[in-house]
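Down below is the structure, laid out as structure tokens.
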Amino acid sequence: MKPVIIVNFKAYKEGTGKEAVELAKICEMVALETGKNIVIAVEEVDIHKISSLVKIPVYSEHLDPIYSGAHTGQNLPKALKDNGAEGTILNHSEDRFRIDQLEESIKIAKVIGLKTVVCANDSNIAEAVASFKPDMIAIEPPELIGGDISVSTAKPEIITDTISKVNKTAIIPVLCGAGIKNRSDVKKAIDLGAKGILVASGIVKASNPEESLKELVEGL
Amino acid sequence: MKPVIIVNFKAYKEGTGKEAVELAKICEMVALETGKNIVIAVEEVDIHKISSLVKIPVYSEHLDPIYSGAHTGQNLPKALKDNGAEGTILNHSEDRFRIDQLEESIKIAKVIGLKTVVCANDSNIAEAVASFKPDMIAIEPPELIGGDISVSTAKPEIITDTISKVNKTAIIPVLCGAGIKNRSDVKKAIDLGAKGILVASGIVKASNPEESLKELVEGL
Amino acid sequence: MKPVIIVNFKAYKEGTGKEAVELAKICEMVALETGKNIVIAVEEVDIHKISSLVKIPVYSEHLDPIYSGAHTGQNLPKALKDNGAEGTILNHSEDRFRIDQLEESIKIAKVIGLKTVVCANDSNIAEAVASFKPDMIAIEPPELIGGDISVSTAKPEIITDTISKVNKTAIIPVLCGAGIKNRSDVKKAIDLGAKGILVASGIVKASNPEESLKELVEGL
Amino acid sequence: MKPVIIVNFKAYKEGTGKEAVELAKICEMVALETGKNIVIAVEEVDIHKISSLVKIPVYSEHLDPIYSGAHTGQNLPKALKDNGAEGTILNHSEDRFRIDQLEESIKIAKVIGLKTVVCANDSNIAEAVASFKPDMIAIEPPELIGGDISVSTAKPEIITDTISKVNKTAIIPVLCGAGIKNRSDVKKAIDLGAKGILVASGIVKASNPEESLKELVEGL
């Protein structure tokens, strides 16, 4: 897999509603200019608009493990796909899943044709998640999320340990997240074996998202 | 308030993704032809597309009690609004809320400018919900949902009892749902004091949704 | 109702397992010496032991809205009663309930013969809860919980407002909690119309729980 | 590990409150008479009483991933231990866990000194759970739970597949459950490599629990 940067728009003011469009276009432009693989994950309600305006892959930040039916208020995977989503984040630290629903979500995503990036807070969770064969696993140590020190700098052994545990079960690309701020953080992660990074506030809340994203992309 | 029919598209095959557009247009057409008040509630991911194609009010089926911020996978009220939603269903039987989050959801919806229809399974829940001053309360006895006998026919006292309990706290329009199938069911509900109905499979899964909706509208 | 002090042992080290017995006996002794109404709420697993050792009422901190059946890991109200519990706290800020399950919990508690004290974070929630007719309602503003300023001193209007809203629906005793530290805090609460207080760390984590409890009791 | 039969009392009428004591004594008697390894899992509120009356191991049906602190209504592992519990069931089909809380629960149980039996609905979940190194894993296909056909008879490949997947990660004893009714069901499970069984209604709701348990024990 070509290394990837996934930008999680969360529910940030700068990453939702009208503001989300502008940010999505910046991400697309950087992807086009640099030829790198950039994916954006946005609120469900923004998927249709954004996926119709940009050509880079748009992911959902969540889905519910359901097929069509009487499920008021849940996020139907097939409807995400029909509206342009190509994948989804699952089990983010702000949206943890029940273990049985995580497995079922990955199964249904495969059937529907959505890629899955499953977040894990430590290497054991990553190893567990590998049993469900998602498309990517993102390791994010909670204590570093939103902080100033990157996981690749502060705890490189978490990345190598995760890759080694995941690979015992299956060859699944491992991304890393938490504290990623500059090209050096990204380069270290890639050098350690990561296949990309998951980033949020570092881009979405940056004073100059274009510049910040280009900085990260150079580390790929 | 002018009586209303709210059609809940749920996550039904016929009410999501591509199929949702056609159904939404049928609802709009019936509203235009009859001059009646018809609202549709759809999956978050369908809101943008549908609200840009029809002029009748589009509601969300859910929202999360949050303002902008780090809330991956949650449904931001402001983003719903920005994408064309005019209101939301809350506390549906398939999506019950914690009591504190229900109050907070209604508060935030007011701030953002989204109408709220809160579902209640019995008259005591409806009375409780009235304390939070939503725009509408929908009484749906769980034992009648999806069945063939309407609440207005089978249990008219539930409707009158709910209206009387709600009105002790505040003058809030009460809708009813569950088993509504024909104009007579609707007319009875209105005669009992209901200000409208909440319907799902009766329209969404009808062999001829246009005909079924016109049938209900005549009872308003 | 005679004014009451409910001491919530939570899962504090000083309020669980072996330590809970000693604390329970102190509460009983103060109740006997002063003739005041003191109730203790303890972990489910501690109920049998403690209720067999003290004569003051022992409450659970939680129950699940179930009758006997296949409910692995849930807290059966009847089993709580059989083991000596006389009541339960519901909807504590550390254990919020879904609105439908709160109503059902109160219903089942009544059937089984357990008293219910339902916590509310604001006066609207208290008013809503009153619709379910619990035996007591405890108002605890979250921003004051665990702090140094008592609700009766800092926000007396929350207490009077809650009592007035609750009483529109039913005559239900209102307790108050959060920041209660001394007899003056308690006295103010009683003077404002409260029928008692709900206290936790102020007693359980006090350097001298007996002294601290006697201090509060004098305010009743 | 010596093969084990774990009897889950659930919240059955016959397995809670006063009735639980009699059933626990029957289980103890069968264990003593046959020299076999029998464990009982009971409601939290029954643990103290039952563990003080019988000598066979008493497990909890649930615990919360917490240490001592402000956790009203949660089940503190240390308090379970202090009251006589020797272990706990986790992630039962009636009580599924979030993946991160499952890992944390197992970690805390190890620290406190409680054995863990983690339920899994399929072999992939069992494989995932193995990453957390619980003491036992119980495979229970949901479609067979409470039915008349045992997993060892109907789907022997689920047992062998689970054992093989679990053992790729760690040597952890695998139990099986669902539909186990007689010595032949148990014998087949053991022959397939299972180290014991998890049973509930088959014993707890049997017309003659002693006889039914002896029947199963003979298959060990």
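Labels for the chains are A, B, C and D, by order of writing; each one numbers its residues from 1.
FYI, a contact is a pair of C-beta atoms (placed from the backbone, for glycine too) under 8 Å apart; a residue touches a chain by one contact, two chains touch by 3 or more.
Just so it is clear, the structure is predicted and the values come from calculations on it, not from any experiment.
Novice: Quick check on the contact graph: shortest path length from chain B to chain D, in steps?
Specialist: So the least number of steps between the two chains is 2.
Novice: From the C-alpha centres, identify the chain that is farthest from chain C.
Specialist: Centroid comparison gives A as the farthest chain from chain C.
Novice: Counting C-beta pairs in contact, which comes out ahead: A-B or A-D?
Specialist: A-B
Novice: Rounded to the nearest whole Å, what is the centre-to-centre distance of chain A and chain B, using the mean of the C-alpha atoms as each centre?
Specialist: The separation of the two C-alpha centroids amounts to 34 Å.
Novice: Averaging only over C-alpha atoms, locate the centres of chain A and chain D and give their separation in whole Å.
Specialist: The answer is 37 Å.
Novice: Residues of chain A that contact two or more other chains, please.
Specialist: Within chain A, no residue contacts more than one other chain.
Novice: In graph terms, nodes being chains and edges touches, is this line, ring, star, complete or other?
Specialist: Graph shape here is a ring: one loop, exactly two partners per chain.
Novice: Who touches whom among the chains?
Specialist: Between chains, contact exists in these pairs: A-B, A-D, B-C, C-D.
Novice: Under the definition above, what is the set of chain D residues touching chain A in their complex?
Specialist: Listed in rising order, the residues of chain D that touch chain A are 91, 96-103, 121-122, 124-125, 127-129, 131-132, 165, 168-169.
Novice: In their complex, what parts of chain C are in touch with chain D?
Specialist: Per the touch definition, chain C meets chain D at residues 8, 10-13, 16-18, 20, 41, 43-49, 60-62, 66, 68-76, 78-83, 85, 89, 92-95, 146, 200-201.
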